[in-house]
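Right, I'll just put the structure down here and ask away after.
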(Lines give C-alpha, C1' and ligand atoms only; values in the text may rest on other atoms or scores of the structure.)
Protein backbone atom coordinates (compact mmCIF):
# COMPACT_ATOMS: atom_id res chain seq x y z
CA UNK A 1 0.00 0.00 0.00
CA UNK A 2 3.00 2.24 -0.55
CA UNK A 3 3.56 5.09 -3.02
CA UNK A 4 4.67 2.62 -5.69
CA UNK A 5 1.43 0.63 -5.42
CA UNK A 6 -1.01 3.51 -4.99
CA UNK A 7 -2.49 5.59 -7.79
CA UNK A 8 -3.29 9.26 -7.28
CA UNK A 9 -6.92 8.44 -8.14
CA UNK A 10 -7.15 5.99 -5.21
CA UNK A 11 -6.10 8.69 -2.76
CA UNK A 12 -8.47 11.21 -4.33
CA UNK A 13 -11.25 8.65 -3.85
CA UNK A 14 -10.26 8.04 -0.21
CA UNK A 15 -10.52 11.77 0.56
CA UNK A 16 -13.73 12.13 -1.46
CA UNK A 17 -15.51 9.37 0.47
CA UNK A 18 -14.37 10.78 3.81
CA UNK A 19 -15.78 14.21 2.92
CA UNK A 20 -19.05 12.86 1.50
CA UNK A 21 -19.73 10.61 4.48
CA UNK A 22 -19.47 13.61 6.80
CA UNK A 23 -21.45 15.92 4.50
CA UNK A 24 -18.61 18.40 4.55
CA UNK A 25 -19.01 19.18 0.88
CA UNK A 26 -20.67 22.54 1.49
CA UNK A 27 -17.59 23.63 3.45
CA UNK A 28 -15.23 22.36 0.77
CA UNK A 29 -15.42 25.33 -1.56
CA UNK A 30 -12.24 25.90 -3.59
CA UNK A 31 -11.75 29.12 -1.60
CA UNK A 32 -11.90 27.34 1.78
CA UNK A 33 -9.73 24.46 0.58
CA UNK A 34 -7.00 26.72 -0.79
CA UNK A 35 -6.83 28.52 2.57
CA UNK A 36 -6.76 25.14 4.32
CA UNK A 37 -3.66 24.14 2.34
CA UNK A 38 -2.01 27.29 3.74
CA UNK A 39 -3.14 26.56 7.29
CA UNK A 40 -1.73 23.04 7.19
CA UNK A 41 1.38 24.23 5.35
CA UNK A 42 2.04 26.66 8.19
CA UNK A 43 1.79 23.82 10.71
CA UNK A 44 4.49 21.95 8.77
CA UNK A 45 6.64 25.12 8.70
CA UNK A 46 6.33 25.41 12.47
CA UNK A 47 8.44 22.26 12.87
CA UNK A 48 11.32 23.99 11.08
CA UNK A 49 10.66 27.58 12.24
CA UNK A 50 13.82 28.10 14.31
CA UNK A 51 16.00 25.33 12.88
CA UNK A 52 18.97 26.08 10.69
CA UNK A 53 18.72 24.62 7.17
CA UNK A 54 21.28 22.04 8.29
CA UNK A 55 19.23 21.00 11.30
CA UNK A 56 16.17 20.56 9.08
CA UNK A 57 18.22 18.35 6.74
CA UNK A 58 19.19 16.06 9.61
CA UNK A 59 15.54 15.03 9.87
CA UNK A 60 15.74 13.13 6.56
CA UNK A 61 15.24 9.43 7.10
CA UNK A 62 14.06 9.97 10.67
CA UNK A 63 10.48 10.84 9.79
CA UNK A 64 8.34 7.71 9.76
CA UNK A 65 4.83 7.74 8.31
CA UNK A 66 3.11 8.34 11.65
CA UNK A 67 5.41 11.04 13.03
CA UNK A 68 4.03 14.57 13.56
CA UNK A 69 5.92 15.91 10.53
CA UNK A 70 4.57 13.17 8.25
CA UNK A 71 1.08 13.88 9.62
CA UNK A 72 1.36 17.56 8.66
CA UNK A 73 2.51 16.57 5.18
CA UNK A 74 -0.44 14.16 4.96
CA UNK A 75 -2.82 16.97 6.00
CA UNK A 76 -1.50 19.25 3.25
CA UNK A 77 -1.71 16.40 0.74
CA UNK A 78 -5.30 15.62 1.76
CA UNK A 79 -6.30 19.23 1.01
CA UNK A 80 -4.45 19.19 -2.32
CA UNK A 81 -6.47 16.07 -3.21
CA UNK A 82 -9.70 17.65 -1.91
CA UNK A 83 -9.07 20.78 -4.00
CA UNK A 84 -8.45 18.63 -7.08
CA UNK A 85 -11.72 16.82 -6.32
CA UNK A 86 -13.66 20.07 -5.86
CA UNK A 87 -12.26 21.61 -9.05
CA UNK A 88 -12.27 18.32 -11.01
CA UNK A 89 -8.60 18.63 -11.88
CA UNK A 90 -6.42 15.69 -12.95
CA UNK A 91 -3.36 16.23 -10.75
CA UNK A 92 -1.02 13.94 -12.67
CA UNK A 93 -1.76 15.67 -15.93
CA UNK A 94 -1.53 19.14 -14.36
CA UNK A 95 1.81 18.24 -12.75
CA UNK A 96 3.30 16.79 -15.94
CA UNK A 97 2.26 19.84 -17.96
CA UNK A 98 3.67 22.24 -15.37
CA UNK A 99 6.96 20.31 -15.18
CA UNK A 100 7.33 20.55 -18.95
CA UNK A 101 6.84 24.30 -18.68
CA UNK A 102 9.37 24.45 -15.83
CA UNK A 103 11.85 22.46 -17.91
CA UNK A 104 11.74 25.20 -20.54
CA UNK A 105 11.98 27.94 -17.92
CA UNK A 106 14.92 26.28 -16.15
CA UNK A 107 16.88 24.58 -18.95
CA UNK A 108 19.39 21.94 -17.99
CA UNK A 109 22.75 23.51 -17.17
CA UNK A 110 25.84 22.52 -19.11
CA UNK A 111 27.20 20.36 -16.31
CA UNK A 112 24.32 17.93 -16.62
CA UNK A 113 25.60 17.15 -20.10
CA UNK A 114 29.06 16.35 -18.79
CA UNK A 115 31.07 19.21 -20.15
CA UNK A 116 30.34 22.09 -17.83
CA UNK A 117 32.95 24.73 -17.23
CA UNK A 118 33.54 25.82 -13.63
CA UNK A 119 32.36 29.34 -14.42
CA UNK A 120 28.93 28.01 -15.29
CA UNK A 121 28.53 26.83 -11.72
CA UNK A 122 28.66 30.17 -9.99
CA UNK A 123 26.48 30.15 -6.88
CA UNK A 124 24.34 32.98 -8.18
CA UNK A 125 23.52 31.12 -11.37
CA UNK A 126 22.35 28.07 -9.51
CA UNK A 127 19.94 29.83 -7.19
CA UNK A 128 16.59 28.66 -8.49
CA UNK A 129 13.92 31.30 -8.98
CA UNK A 130 11.05 28.90 -9.16
CA UNK A 131 7.44 29.65 -9.84
CA UNK B 1 -1.34 9.20 -18.05
CA UNK B 2 -4.15 10.36 -15.79
CA UNK B 3 -4.58 10.08 -12.01
CA UNK B 4 -6.00 6.56 -12.37
CA UNK B 5 -2.94 5.35 -14.26
CA UNK B 6 -0.25 7.17 -12.30
CA UNK B 7 1.29 6.02 -9.03
CA UNK B 8 2.41 8.53 -6.41
CA UNK B 9 5.92 7.05 -6.72
CA UNK B 10 6.07 7.92 -10.44
CA UNK B 11 5.35 11.58 -9.67
CA UNK B 12 7.88 11.60 -6.82
CA UNK B 13 10.42 10.25 -9.28
CA UNK B 14 9.55 12.91 -11.88
CA UNK B 15 10.17 15.69 -9.34
CA UNK B 16 13.31 14.01 -7.99
CA UNK B 17 14.92 13.78 -11.43
CA UNK B 18 14.05 17.39 -12.22
CA UNK B 19 15.72 18.57 -9.01
CA UNK B 20 18.80 16.36 -9.38
CA UNK B 21 19.42 17.39 -12.99
CA UNK B 22 19.49 21.04 -11.94
CA UNK B 23 21.59 20.40 -8.82
CA UNK B 24 18.95 22.11 -6.70
CA UNK B 25 19.26 19.58 -3.92
CA UNK B 26 21.23 21.92 -1.66
CA UNK B 27 18.34 24.39 -1.78
CA UNK B 28 15.78 21.67 -1.15
CA UNK B 29 16.11 21.52 2.63
CA UNK B 30 12.89 20.49 4.41
CA UNK B 31 12.76 24.02 5.85
CA UNK B 32 12.91 25.69 2.43
CA UNK B 33 10.45 23.21 0.92
CA UNK B 34 7.86 23.68 3.67
CA UNK B 35 7.99 27.45 3.13
CA UNK B 36 7.72 26.88 -0.63
CA UNK B 37 4.46 24.95 -0.13
CA UNK B 38 3.14 28.07 1.65
CA UNK B 39 4.36 30.41 -1.07
CA UNK B 40 2.66 28.37 -3.80
CA UNK B 41 -0.42 27.87 -1.61
CA UNK B 42 -0.76 31.64 -1.29
CA UNK B 43 -0.65 31.97 -5.08
CA UNK B 44 -3.57 29.55 -5.33
CA UNK B 45 -5.45 31.54 -2.65
CA UNK B 46 -4.95 34.71 -4.64
CA UNK B 47 -7.29 33.38 -7.33
CA UNK B 48 -10.11 33.18 -4.75
CA UNK B 49 -9.08 36.17 -2.57
CA UNK B 50 -12.09 38.40 -3.22
CA UNK B 51 -14.55 35.82 -4.54
CA UNK B 52 -17.54 34.74 -2.50
CA UNK B 53 -17.56 31.02 -1.62
CA UNK B 54 -20.29 30.62 -4.25
CA UNK B 55 -18.20 32.29 -6.95
CA UNK B 56 -15.29 29.99 -6.12
CA UNK B 57 -17.61 26.97 -6.45
CA UNK B 58 -18.64 28.04 -9.94
CA UNK B 59 -15.09 27.33 -11.09
CA UNK B 60 -15.59 23.56 -10.65
CA UNK B 61 -15.38 21.78 -13.97
CA UNK B 62 -14.02 24.88 -15.70
CA UNK B 63 -10.41 24.36 -14.65
CA UNK B 64 -8.55 22.33 -17.22
CA UNK B 65 -5.12 20.88 -16.50
CA UNK B 66 -3.22 23.76 -18.08
CA UNK B 67 -5.22 26.65 -16.62
CA UNK B 68 -3.52 29.03 -14.14
CA UNK B 69 -5.44 27.54 -11.18
CA UNK B 70 -4.41 23.99 -12.10
CA UNK B 71 -0.82 25.20 -12.49
CA UNK B 72 -0.83 26.62 -8.95
CA UNK B 73 -2.21 23.34 -7.65
CA UNK B 74 0.52 21.49 -9.57
CA UNK B 75 3.16 23.78 -8.04
CA UNK B 76 1.93 23.01 -4.52
CA UNK B 77 1.78 19.30 -5.34
CA UNK B 78 5.34 19.36 -6.71
CA UNK B 79 6.62 20.80 -3.41
CA UNK B 80 4.62 18.23 -1.40
CA UNK B 81 6.33 15.52 -3.48
CA UNK B 82 9.74 17.21 -3.11
CA UNK B 83 9.29 17.42 0.67
CA UNK B 84 8.36 13.74 0.78
CA UNK B 85 11.49 13.01 -1.26
CA UNK B 86 13.72 15.12 1.01
CA UNK B 87 12.31 13.57 4.19
CA UNK B 88 11.95 10.06 2.69
CA UNK B 89 8.28 9.85 3.61
CA UNK B 90 5.81 7.44 1.97
CA UNK B 91 2.92 9.80 1.23
CA UNK B 92 0.31 7.11 0.64
CA UNK B 93 1.05 5.43 3.92
CA UNK B 94 1.19 8.74 5.81
CA UNK B 95 -2.14 9.80 4.28
CA UNK B 96 -3.89 6.51 5.05
CA UNK B 97 -2.68 6.58 8.66
CA UNK B 98 -3.77 10.19 9.11
CA UNK B 99 -7.20 9.50 7.59
CA UNK B 100 -7.71 6.63 10.04
CA UNK B 101 -6.88 9.02 12.86
CA UNK B 102 -9.26 11.62 11.39
CA UNK B 103 -12.01 8.98 11.16
CA UNK B 104 -11.78 8.48 14.92
CA UNK B 105 -11.65 12.22 15.57
CA UNK B 106 -14.64 12.91 13.32
CA UNK B 107 -16.85 9.83 13.69
CA UNK B 108 -19.54 9.26 11.11
CA UNK B 109 -22.69 11.18 12.00
CA UNK B 110 -25.97 9.34 12.49
CA UNK B 111 -27.36 10.43 9.16
CA UNK B 112 -24.73 8.49 7.27
CA UNK B 113 -26.24 5.34 8.74
CA UNK B 114 -29.66 6.24 7.41
CA UNK B 115 -31.57 7.04 10.56
CA UNK B 116 -30.53 10.54 11.48
CA UNK B 117 -32.92 12.84 13.28
CA UNK B 118 -33.18 16.42 12.02
CA UNK B 119 -31.84 17.75 15.30
CA UNK B 120 -28.60 15.93 14.73
CA UNK B 121 -27.99 18.05 11.65
CA UNK B 122 -27.76 21.42 13.31
CA UNK B 123 -25.39 23.69 11.38
CA UNK B 124 -23.12 24.09 14.37
CA UNK B 125 -22.65 20.35 14.73
CA UNK B 126 -21.64 19.94 11.13
CA UNK B 127 -18.98 22.61 11.07
CA UNK B 128 -15.82 20.59 10.75
CA UNK B 129 -12.97 21.50 13.06
CA UNK B 130 -10.33 19.69 11.10
CA UNK B 131 -6.72 19.24 11.94
CA UNK C 1 -2.00 53.29 26.18
CA UNK C 2 -4.29 52.78 23.22
CA UNK C 3 -3.62 53.02 19.47
CA UNK C 4 -4.21 56.78 19.54
CA UNK C 5 -1.57 57.31 22.23
CA UNK C 6 1.04 54.81 21.00
CA UNK C 7 3.61 55.47 18.30
CA UNK C 8 4.77 52.70 16.00
CA UNK C 9 8.32 53.30 17.29
CA UNK C 10 7.24 52.52 20.87
CA UNK C 11 5.91 49.13 19.81
CA UNK C 12 9.03 48.41 17.73
CA UNK C 13 11.06 49.19 20.83
CA UNK C 14 8.92 46.91 23.00
CA UNK C 15 9.51 43.98 20.64
CA UNK C 16 13.21 44.81 20.24
CA UNK C 17 13.85 44.74 23.98
CA UNK C 18 11.97 41.48 24.38
CA UNK C 19 14.10 39.84 21.69
CA UNK C 20 17.40 41.27 22.95
CA UNK C 21 16.76 40.22 26.56
CA UNK C 22 16.25 36.63 25.43
CA UNK C 23 19.20 36.68 23.00
CA UNK C 24 16.90 35.57 20.20
CA UNK C 25 18.54 37.87 17.71
CA UNK C 26 20.43 35.07 15.98
CA UNK C 27 17.10 33.35 15.24
CA UNK C 28 15.52 36.57 14.02
CA UNK C 29 16.87 36.52 10.49
CA UNK C 30 14.60 38.23 7.95
CA UNK C 31 14.03 34.79 6.41
CA UNK C 32 12.84 33.25 9.69
CA UNK C 33 10.74 36.29 10.58
CA UNK C 34 8.93 36.36 7.23
CA UNK C 35 8.01 32.69 7.66
CA UNK C 36 6.88 33.42 11.21
CA UNK C 37 4.45 36.05 9.92
CA UNK C 38 2.96 33.30 7.76
CA UNK C 39 2.79 30.81 10.62
CA UNK C 40 0.96 33.28 12.86
CA UNK C 41 -1.20 34.44 9.95
CA UNK C 42 -2.34 30.86 9.43
CA UNK C 43 -3.33 30.62 13.09
CA UNK C 44 -5.55 33.67 12.63
CA UNK C 45 -7.06 32.12 9.47
CA UNK C 46 -7.88 28.98 11.41
CA UNK C 47 -10.47 30.93 13.42
CA UNK C 48 -12.35 31.70 10.20
CA UNK C 49 -11.52 28.49 8.26
CA UNK C 50 -15.06 27.06 8.01
CA UNK C 51 -17.07 30.20 8.70
CA UNK C 52 -19.07 31.90 5.98
CA UNK C 53 -17.97 35.48 5.25
CA UNK C 54 -21.12 36.61 7.07
CA UNK C 55 -20.29 34.58 10.18
CA UNK C 56 -16.80 36.09 10.24
CA UNK C 57 -18.34 39.58 10.03
CA UNK C 58 -20.49 38.91 13.09
CA UNK C 59 -17.31 38.78 15.15
CA UNK C 60 -16.77 42.55 14.75
CA UNK C 61 -17.04 44.34 18.05
CA UNK C 62 -16.96 41.04 19.97
CA UNK C 63 -13.19 40.64 19.93
CA UNK C 64 -11.65 42.26 22.98
CA UNK C 65 -7.92 42.82 23.27
CA UNK C 66 -7.25 39.60 25.19
CA UNK C 67 -9.41 37.24 23.13
CA UNK C 68 -7.73 34.45 21.13
CA UNK C 69 -8.38 36.24 17.83
CA UNK C 70 -6.82 39.48 19.11
CA UNK C 71 -3.86 37.47 20.40
CA UNK C 72 -3.26 35.98 16.94
CA UNK C 73 -3.41 39.45 15.43
CA UNK C 74 -0.94 40.66 18.08
CA UNK C 75 1.39 37.75 17.22
CA UNK C 76 1.37 38.68 13.54
CA UNK C 77 1.90 42.35 14.41
CA UNK C 78 4.83 41.49 16.69
CA UNK C 79 6.56 39.69 13.80
CA UNK C 80 5.86 42.58 11.42
CA UNK C 81 7.54 44.87 13.96
CA UNK C 82 10.43 42.40 14.46
CA UNK C 83 10.96 42.19 10.70
CA UNK C 84 11.00 45.99 10.47
CA UNK C 85 13.56 46.01 13.30
CA UNK C 86 15.74 43.37 11.64
CA UNK C 87 15.66 45.10 8.27
CA UNK C 88 15.76 48.62 9.72
CA UNK C 89 12.61 49.68 7.86
CA UNK C 90 10.46 52.66 8.88
CA UNK C 91 6.99 51.09 8.71
CA UNK C 92 5.03 54.35 8.70
CA UNK C 93 7.00 55.69 5.78
CA UNK C 94 6.84 52.38 3.90
CA UNK C 95 3.08 52.21 4.45
CA UNK C 96 2.44 55.80 3.34
CA UNK C 97 4.52 55.32 0.19
CA UNK C 98 2.75 52.06 -0.67
CA UNK C 99 -0.69 53.60 -0.09
CA UNK C 100 0.19 56.43 -2.48
CA UNK C 101 1.13 53.83 -5.07
CA UNK C 102 -2.10 51.93 -4.39
CA UNK C 103 -4.09 55.16 -4.79
CA UNK C 104 -2.73 55.48 -8.32
CA UNK C 105 -3.34 51.80 -9.06
CA UNK C 106 -6.90 51.92 -7.72
CA UNK C 107 -8.13 55.41 -8.58
CA UNK C 108 -11.21 56.67 -6.79
CA UNK C 109 -14.35 55.52 -8.58
CA UNK C 110 -16.85 58.03 -9.91
CA UNK C 111 -19.30 57.42 -7.10
CA UNK C 112 -16.90 58.77 -4.53
CA UNK C 113 -17.22 62.13 -6.32
CA UNK C 114 -21.00 62.03 -6.06
CA UNK C 115 -22.01 61.53 -9.66
CA UNK C 116 -21.54 57.85 -10.33
CA UNK C 117 -23.69 56.09 -12.89
CA UNK C 118 -25.10 52.69 -11.95
CA UNK C 119 -23.17 51.00 -14.73
CA UNK C 120 -19.91 52.06 -13.11
CA UNK C 121 -20.79 49.96 -10.09
CA UNK C 122 -20.90 46.59 -11.77
CA UNK C 123 -19.83 43.87 -9.36
CA UNK C 124 -16.89 42.91 -11.54
CA UNK C 125 -15.52 46.43 -11.54
CA UNK C 126 -15.64 46.69 -7.79
CA UNK C 127 -13.78 43.48 -7.07
CA UNK C 128 -10.45 44.75 -5.83
CA UNK C 129 -7.40 43.11 -7.32
CA UNK C 130 -5.01 44.30 -4.68
CA UNK C 131 -1.30 43.81 -4.55
CA UNK D 1 6.28 61.36 9.51
CA UNK D 2 8.39 58.46 10.72
CA UNK D 3 7.57 55.64 13.17
CA UNK D 4 8.48 57.86 16.11
CA UNK D 5 6.00 60.55 15.08
CA UNK D 6 3.14 58.33 13.90
CA UNK D 7 0.51 56.75 16.11
CA UNK D 8 -0.96 53.36 15.27
CA UNK D 9 -4.38 55.05 15.16
CA UNK D 10 -3.24 57.39 12.36
CA UNK D 11 -2.23 54.45 10.19
CA UNK D 12 -5.48 52.62 10.98
CA UNK D 13 -7.32 55.76 9.86
CA UNK D 14 -5.28 55.98 6.65
CA UNK D 15 -6.21 52.42 5.71
CA UNK D 16 -9.84 52.89 6.77
CA UNK D 17 -10.31 55.93 4.54
CA UNK D 18 -8.69 54.19 1.59
CA UNK D 19 -11.06 51.24 1.93
CA UNK D 20 -14.19 53.36 2.48
CA UNK D 21 -13.48 55.64 -0.50
CA UNK D 22 -13.30 52.58 -2.77
CA UNK D 23 -16.34 50.87 -1.19
CA UNK D 24 -14.25 47.78 -0.54
CA UNK D 25 -15.81 47.23 2.85
CA UNK D 26 -17.99 44.37 1.69
CA UNK D 27 -14.86 42.49 0.61
CA UNK D 28 -13.07 43.26 3.86
CA UNK D 29 -14.58 40.49 5.96
CA UNK D 30 -12.29 39.24 8.74
CA UNK D 31 -12.08 35.94 6.85
CA UNK D 32 -10.89 37.59 3.62
CA UNK D 33 -8.50 39.91 5.46
CA UNK D 34 -6.84 37.09 7.42
CA UNK D 35 -6.22 35.21 4.17
CA UNK D 36 -4.88 38.42 2.62
CA UNK D 37 -2.28 38.71 5.40
CA UNK D 38 -1.12 35.23 4.38
CA UNK D 39 -1.05 36.07 0.69
CA UNK D 40 1.07 39.17 1.29
CA UNK D 41 3.21 37.32 3.85
CA UNK D 42 4.00 34.72 1.21
CA UNK D 43 5.13 37.45 -1.18
CA UNK D 44 7.57 38.68 1.46
CA UNK D 45 8.81 35.09 1.99
CA UNK D 46 9.44 34.77 -1.72
CA UNK D 47 12.27 37.30 -1.43
CA UNK D 48 14.08 34.99 1.00
CA UNK D 49 12.92 31.64 -0.42
CA UNK D 50 16.29 30.30 -1.58
CA UNK D 51 18.61 32.52 0.46
CA UNK D 52 20.62 31.15 3.34
CA UNK D 53 19.79 32.74 6.72
CA UNK D 54 23.09 34.60 6.43
CA UNK D 55 22.24 35.99 2.99
CA UNK D 56 18.89 37.22 4.33
CA UNK D 57 20.70 38.97 7.20
CA UNK D 58 22.92 40.85 4.78
CA UNK D 59 19.82 42.72 3.59
CA UNK D 60 19.57 44.61 6.89
CA UNK D 61 20.13 48.31 6.38
CA UNK D 62 19.86 47.95 2.62
CA UNK D 63 16.07 48.00 2.47
CA UNK D 64 14.80 51.55 2.04
CA UNK D 65 11.14 52.40 2.49
CA UNK D 66 10.28 52.14 -1.20
CA UNK D 67 12.16 48.93 -2.01
CA UNK D 68 10.17 45.81 -3.01
CA UNK D 69 10.82 44.14 0.36
CA UNK D 70 9.59 47.20 2.29
CA UNK D 71 6.54 47.30 0.03
CA UNK D 72 5.67 43.70 0.88
CA UNK D 73 6.04 44.50 4.57
CA UNK D 74 3.79 47.54 4.09
CA UNK D 75 1.20 45.35 2.35
CA UNK D 76 1.15 42.91 5.27
CA UNK D 77 0.95 45.81 7.73
CA UNK D 78 -1.94 47.39 5.82
CA UNK D 79 -3.94 44.15 6.14
CA UNK D 80 -3.09 43.85 9.85
CA UNK D 81 -4.46 47.38 10.27
CA UNK D 82 -7.51 46.59 8.11
CA UNK D 83 -8.23 43.47 10.18
CA UNK D 84 -7.96 45.50 13.38
CA UNK D 85 -10.39 48.01 11.84
CA UNK D 86 -12.86 45.32 10.77
CA UNK D 87 -12.76 43.59 14.16
CA UNK D 88 -12.51 46.84 16.16
CA UNK D 89 -9.37 45.69 17.97
CA UNK D 90 -6.93 48.06 19.68
CA UNK D 91 -3.63 46.73 18.36
CA UNK D 92 -1.39 48.45 20.93
CA UNK D 93 -3.38 47.05 23.81
CA UNK D 94 -3.57 43.57 22.24
CA UNK D 95 0.19 43.60 21.60
CA UNK D 96 1.07 44.75 25.14
CA UNK D 97 -1.16 42.10 26.68
CA UNK D 98 0.28 39.36 24.48
CA UNK D 99 3.86 40.43 25.24
CA UNK D 100 3.14 40.22 28.97
CA UNK D 101 1.86 36.69 28.42
CA UNK D 102 4.95 35.86 26.34
CA UNK D 103 7.19 37.23 29.10
CA UNK D 104 5.73 34.67 31.49
CA UNK D 105 5.99 31.90 28.91
CA UNK D 106 9.60 32.75 28.07
CA UNK D 107 11.09 34.00 31.34
CA UNK D 108 14.33 35.93 31.18
CA UNK D 109 17.32 33.58 31.20
CA UNK D 110 19.95 33.87 33.91
CA UNK D 111 22.46 35.57 31.65
CA UNK D 112 20.26 38.62 31.29
CA UNK D 113 20.71 39.12 35.03
CA UNK D 114 24.49 39.11 34.68
CA UNK D 115 25.38 35.88 36.40
CA UNK D 116 24.59 33.16 33.91
CA UNK D 117 26.61 29.99 33.84
CA UNK D 118 27.82 28.76 30.46
CA UNK D 119 25.74 25.60 30.76
CA UNK D 120 22.59 27.72 30.85
CA UNK D 121 23.37 28.93 27.34
CA UNK D 122 23.19 25.63 25.54
CA UNK D 123 21.94 26.12 21.99
CA UNK D 124 18.97 23.85 22.57
CA UNK D 125 17.79 25.89 25.53
CA UNK D 126 17.85 29.10 23.58
CA UNK D 127 15.82 27.90 20.64
CA UNK D 128 12.61 29.83 21.05
CA UNK D 129 9.41 27.86 20.73
CA UNK D 130 7.19 30.86 20.23
CA UNK D 131 3.47 30.97 19.90
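To keep things simple, chains are lettered A, B, C and D as they appear, and every chain counts its residues starting from 1.
Just so it is clear, a residue touches a chain if its C-beta (ideal position, glycine included) is under 8 Å from a C-beta of that chain, and two chains touch if they have at least 3 such contacts.
Note that the structure is predicted; figures quoted are calculated from it, not measured.
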item: B-C compared against B-D, more contacting pairs; value: B-D
item: Rounded Å distance between subunit B and subunit D, as computed from the means of their C-alpha atoms; value: 28
item: Chain centre separation in whole Å, for subunit D relative to subunit C (CA means); value: 8
item: Residues of subunit B whose C-beta touches two or more other chains; value: 27, 32, 35-36, 38, 41-42, 45, 49-51, 53, 127-128, 130
item: Category of the chain touch graph - line, ring, star, complete, other; value: complete
item: Subunit C contact footprint on subunit D (complex, rising order); value: 1-9, 11-12, 14-15, 18, 21-24, 27, 29-32, 34-38, 41-42, 44-45, 47-48, 51, 53-54, 56-57, 59-61, 63, 65-66, 69-71, 73-78, 80, 83-84, 86-99, 101-103, 106, 108-109, 111-112, 121, 126-128, 130-131
item: In the complex, subunit A residues that touch subunit C; value: 27, 32, 35-36, 38-39, 41-43, 45-46, 49-50
item: Complex contact set, residues of subunit C against subunit B; value: 35, 38, 49-50, 52-53, 127-130
